[in-house]
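These notes are about the structure you will find just below.
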Amino acid sequence: MTAEQFDTRYAVAPRFAGDPAARQRAELVVRQQLQHLAKLTHRPGNIGWFEKQVVGPLDQRQGTPLIGYFCNTIPVEVAYALGARPVQLGCGNPALVQPGEEVLSGEICPLAKSSFATFLTADGTPRKCAAVVIPTSCDAKKKLGEIVADFRPTFMLNLPPEQNTARYLRLAVAEVERMATFLADVLGRRLRRRDLLAAIELTRHRSVLVRRLQTARAANPAALSVRDFFIIIQASFAGADLTEWLHETTRVISEVEAAGPSHTHQRTPLILTGAPIFWPNFKPLNLIEECGADVVADTLCTGAQSCFDPVVCDEHSWSALWRALAQRYIFASPCPCFISQATRLSRILDLVAEFKAEGVVNYGLRLCPLFDMEVYRLSRILKERRIPFANMRTDYSLEDTEQLRVRLEAFLETVGAGT
Amino acid sequence: MICAGVDIGSTTTKVVLLQNGEVLAAVLAPSGNLPGRTATRLYTETLAQAGLSEKDVDAVATTGYGRRLADLGDLVMTEIKACAAGVLFRQAADNPIHTVIDVGGQDTKVLALDDQGEVEDFSMNDKCAAGTGRFLEMLAHKLELSYEDFVAEALRSETTIQMNATCAVFAESEVVGLLARNVPKCDIAAAAHQAIAARISSMVRRVSQRGAYYFVGGGARNAALVRALAEQLNQQLIVPPDAQFIVALGAALGARRKLEGRVEKR
Amino acid sequence: MRVTQAIQPVLELAAPLNNCLLAVLVTVLLLWLRRRFPDVRWRLLAVGLVVSGFASAYHLMASEPAGARWLAALNSPLFAVYLVIIMPALYLPRGPWRQAFMVFPAAILLLAAFAVRDAYDTVPPDRRGFYWLLIRPAFLIGGVVSLLVLIQPLLSLEWFRRAVRLTCFLLLVYGGFALRQDYSDYQAMLARRPQAQAGIMNLSETWPVLQSDRRMLYLPGAPCRFTADGGYVQGCNLEMFQRFMQLDFAKVRRGDPGTIGTLSVLLGALILFLCLCFLSGRWACGWLCPLSTLGGVLDWFRRRLGLSHLKPAQPLKLTYLFSGLGLAGMGLAMAKAYPHLDAEGKFAGCKIPIYPFCKICPSQQICPVAAHGPDNYPGLPTWEWGFGFFRVATIALLAIFVLSFAMGRRLWCRLCPMGMISGLFNRGGMVRLVKDASKCNRCGVCAEVCPMDIDLVRFEMNNNDVSSFDCVLCLKCVAKCPRDGCLQLEHAGKKVVESRFPLEV
């Protein structure tokens, strides 16, 4: 079933492609990035566990269905409560952009293209999912939903255009409830209140750990590379058992906290904001760390920001629970897909003040007008407040690495000019 | 105190020797396909010509695209910072520079400088040839002219025709078409210069709108380009006689600054 | 009477600390000084100077009988406790100074224990027995506040508030029969009981513990006088306003000493009350009011059943507000008939109670039962009162009270006239709810948890001050906000508590 959002009269048989060359190139990219990471001097003892989750292949336990989703505006607690595991389908492999491009238009962002490419292979993650949930957070995703509906049962979560609760809370709550009904149907299970509350408690635990890890890291960035930090976070939405993830992450936190605050010269602390950075597209992170700076905090939906806010519910009636989920995931999101960028701006400014960052780097994916157009106001607002700002607009391919390096180095030279 | 700056560009490598504020030597050579080796060789040659050895040099800095390819010295800096340092050194006290345009062989940079001469903002066009010196080289070749003749022709032209192509590759085919319609070569050359100047001036406007304007790099030696750019920006452009060496000079200054800073700390 | 007698000279010397005006003066002074003098030592010096200056003036004035009378009317042990225990507890940051300070509440708690023992010592040997808690009010208030201050670090904000609410409920509802001043006071209470007639609820039959001839303490919120034996304090401020209305102003104009005496006592009570409101805003509604504590039980049932609450739309909110104002206004207007009531208690043929608002207030229906069980139910007003208006209004208000708390969280509080005056001090008083909009992520949890359904805290992004008239300072928004430092409670310009996402699992 497809939630009757797509017209079944015009279903098209999915065409699977198995370009072995593309797959080989994809594996090469992953190996290269792992090699980059192997050069890090200070890695947590159990980073191998996290890498395994993120690199894959997905270890599908018997009896645990998977729900694929995109973005950070989907209340995943519903999937957990139904006994399933939510899996983020975003892909960051530059080698998979081309297979996606061969089927879809080339004029969409590389994230959409490479993520779609994962649908085309027999052992890709989407094939293992019972259903796919996609929010209407951008044009590409809206139409991707229609295409993907022919592959797996798909649900489109309609996001409101503004984060205005007075006007759109009811819509958002209805959408979340509708999604829960759809998932319960697809999985053939009943959603119980206490399971949902237990799932909310689990993700709250995750928020606690991510906050603690971010704070411990900021005191001593050398103790944990931002790349490992991102791997740890992305492992939690790569289909891992969340309880196991919590356990492993607690170990990482004790290691980082034991290292204590740094007494050596600190590298330039930066705030990273912008478009999703999915494994293995760690090019911007590689560059920043190689150029001698540290990302102390981020507003990325694939970084710390994704798990920062907990779902807070005061009352336990169904409507209160839907509202709690909708408000945390949809109305508190700093995503540029909503018309006002105030939430994101506040977050950036607050992070700069809290972590005493010396600059902000915006990462934008080419062909994404949402992030691209926000740069106009973002750069001017940061300039007004005398916060150094650099814009890194690029795609997945590695060919412009050196050009980006020059830009970053020049930016860091201006930031360090004061010292 | 003698300091040296080595600008290892993608097309040419420049070495500047600086002694107490005076330029001892400024030498240029094509980078070839092993820029690192070229740079080292050029550096030693320049020193020899000036009658110095490596021990006499107190500090060396490398910059440019290949700045990490040669292990010459203490400091590695980006060509952006080096360019700003060179411009600050050269600017007249009563006419501070706020916008710097650097048209190189394979990239074009625009820098916005603040009142202290520090880089406030910059933009680089290094992905597309249409806006770099490369574009003009390609079209000169298409018109079967040497680069110098191409520029001379452009200066000669009195009519303005428009070139439509924004892409250097398509521009080539457009040139063929114009030649077939018997458009004189000088007009085509002038139009090519206008096209590139339009792109550059658009880039400039996005970065900075404050004068005075300073034009450096290989492209600054092209009088037709200087004229076209000045027209498009509707501004006077200051072009130093050694426009190609400003970045290397800035690197030398950077090396000196770092050395002075270390001495002060001690 | 040993310990309490021994420290009597100290209490005499420290009497000025009981004065409400000094409390206000010191608080405002601190607010002003914080903005100008960052160094805490200058501030303490200034406060010390002001207090000693005030104390000297006080003692001078107290040496003269008229002055002593006026001063007594403006005193309450509540303010001494506020100055000595509550203010340091609010302002001292965590650290060695705060730990050192904790000696004071511990000592006062110990003193309170001694005070109980001393009170029991006054019981004649042949009458030894259990008389609940015999303790002088100053010691009880000091002891209770000290105990709460001592346990506060052990509790989360939500649990601390529950502890305070429970304590206030016990104090104010059971205070009348379980917390008398001493043995003779207890005996007097027993003596009054046979004369009390349930159903008519004559105020003269109840004698609050804190009543004296010269001083009456009215609280913001609803600590009703109509609890067992009069309750602990004089009652809610509506009773004070009705008393004002009961005065025969013709007599006042004539200069009748008895009426003028009552008026001066009432004025003193009014000043006390306003000082309290100024210092605490509508805090009493959120933490002290026993009616809301009782109503909260109904709310708890609704939550357990998993039912969602009624979210009132603006028209309903305004209806409640104006109904409350209207009823209070009517009650006050009818109280003016008091001097003109004839022998049957009628005015112009209409039987009007002397406390018209109390007659319809649900508190009068509920509190006696809460204190002494269903046998003490006063019953509904009979049909003869106000041609049946009072009976109907009582039923209606009681129904609204129960339904509002059962279905709408604190919807009742929008109607309750007892809280309205203190609500005016939420903006402009010493208590402020502050928001740092740059930290806000617009998640709306503050609006979701608010029992008064206020959304100003959620939507305000330009101003720091998000206090509002309706806010009962329950601090649920501060407790639940997931962004550290976004919401803060400020008292006299000093941050007292701020939102923090607990990092303990």
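The letters A, B and C name the chains in turn, as written, and every chain counts its residues from 1.
The working rule: a residue touches a chain if its C-beta (ideal position, glycine included) is under 8 Å from a C-beta of that chain, and two chains touch if they have at least 3 such contacts.
The model shown is predicted, which means the values in this text are computed figures rather than measured ones.
As a matter of contact connectivity, taking chain A out of the picture divides the rest into B | C.
Relative to the centroid of every protein C-alpha atom shown, the closest chain centre, again from C-alpha atoms, is found for A. Chain B and chain C have Cα centroids separated by 78 Å. Chain A and chain B have Cα centroids separated by 41 Å. Between chain A and chain C the centroid-to-centroid distance comes to 51 Å (mean Cα coordinates, whole Å).
Note for the complex: chain B touches chain A at residues 65, 77-81, 118-120, 122, 124, 126-127. Interface residues of chain C facing chain A in the complex, by the touch rule stated above, are 303, 306-309, 437-445, 447-449, 458, 461, 476, 480, 482-483, 501-505. In the complex of the two chains, the chain A residues touching chain B come out as 400, 402-403, 406-407, 409-410, 413-414, 417.
Remark: chain A residues 163, 165, 193, 205, 207-208, 211-212, 309-310, 312-320, 323-324, 327-328, 331-332, 334, 342-343, 346-347, 349-350, 353 touch chain C in the complex.
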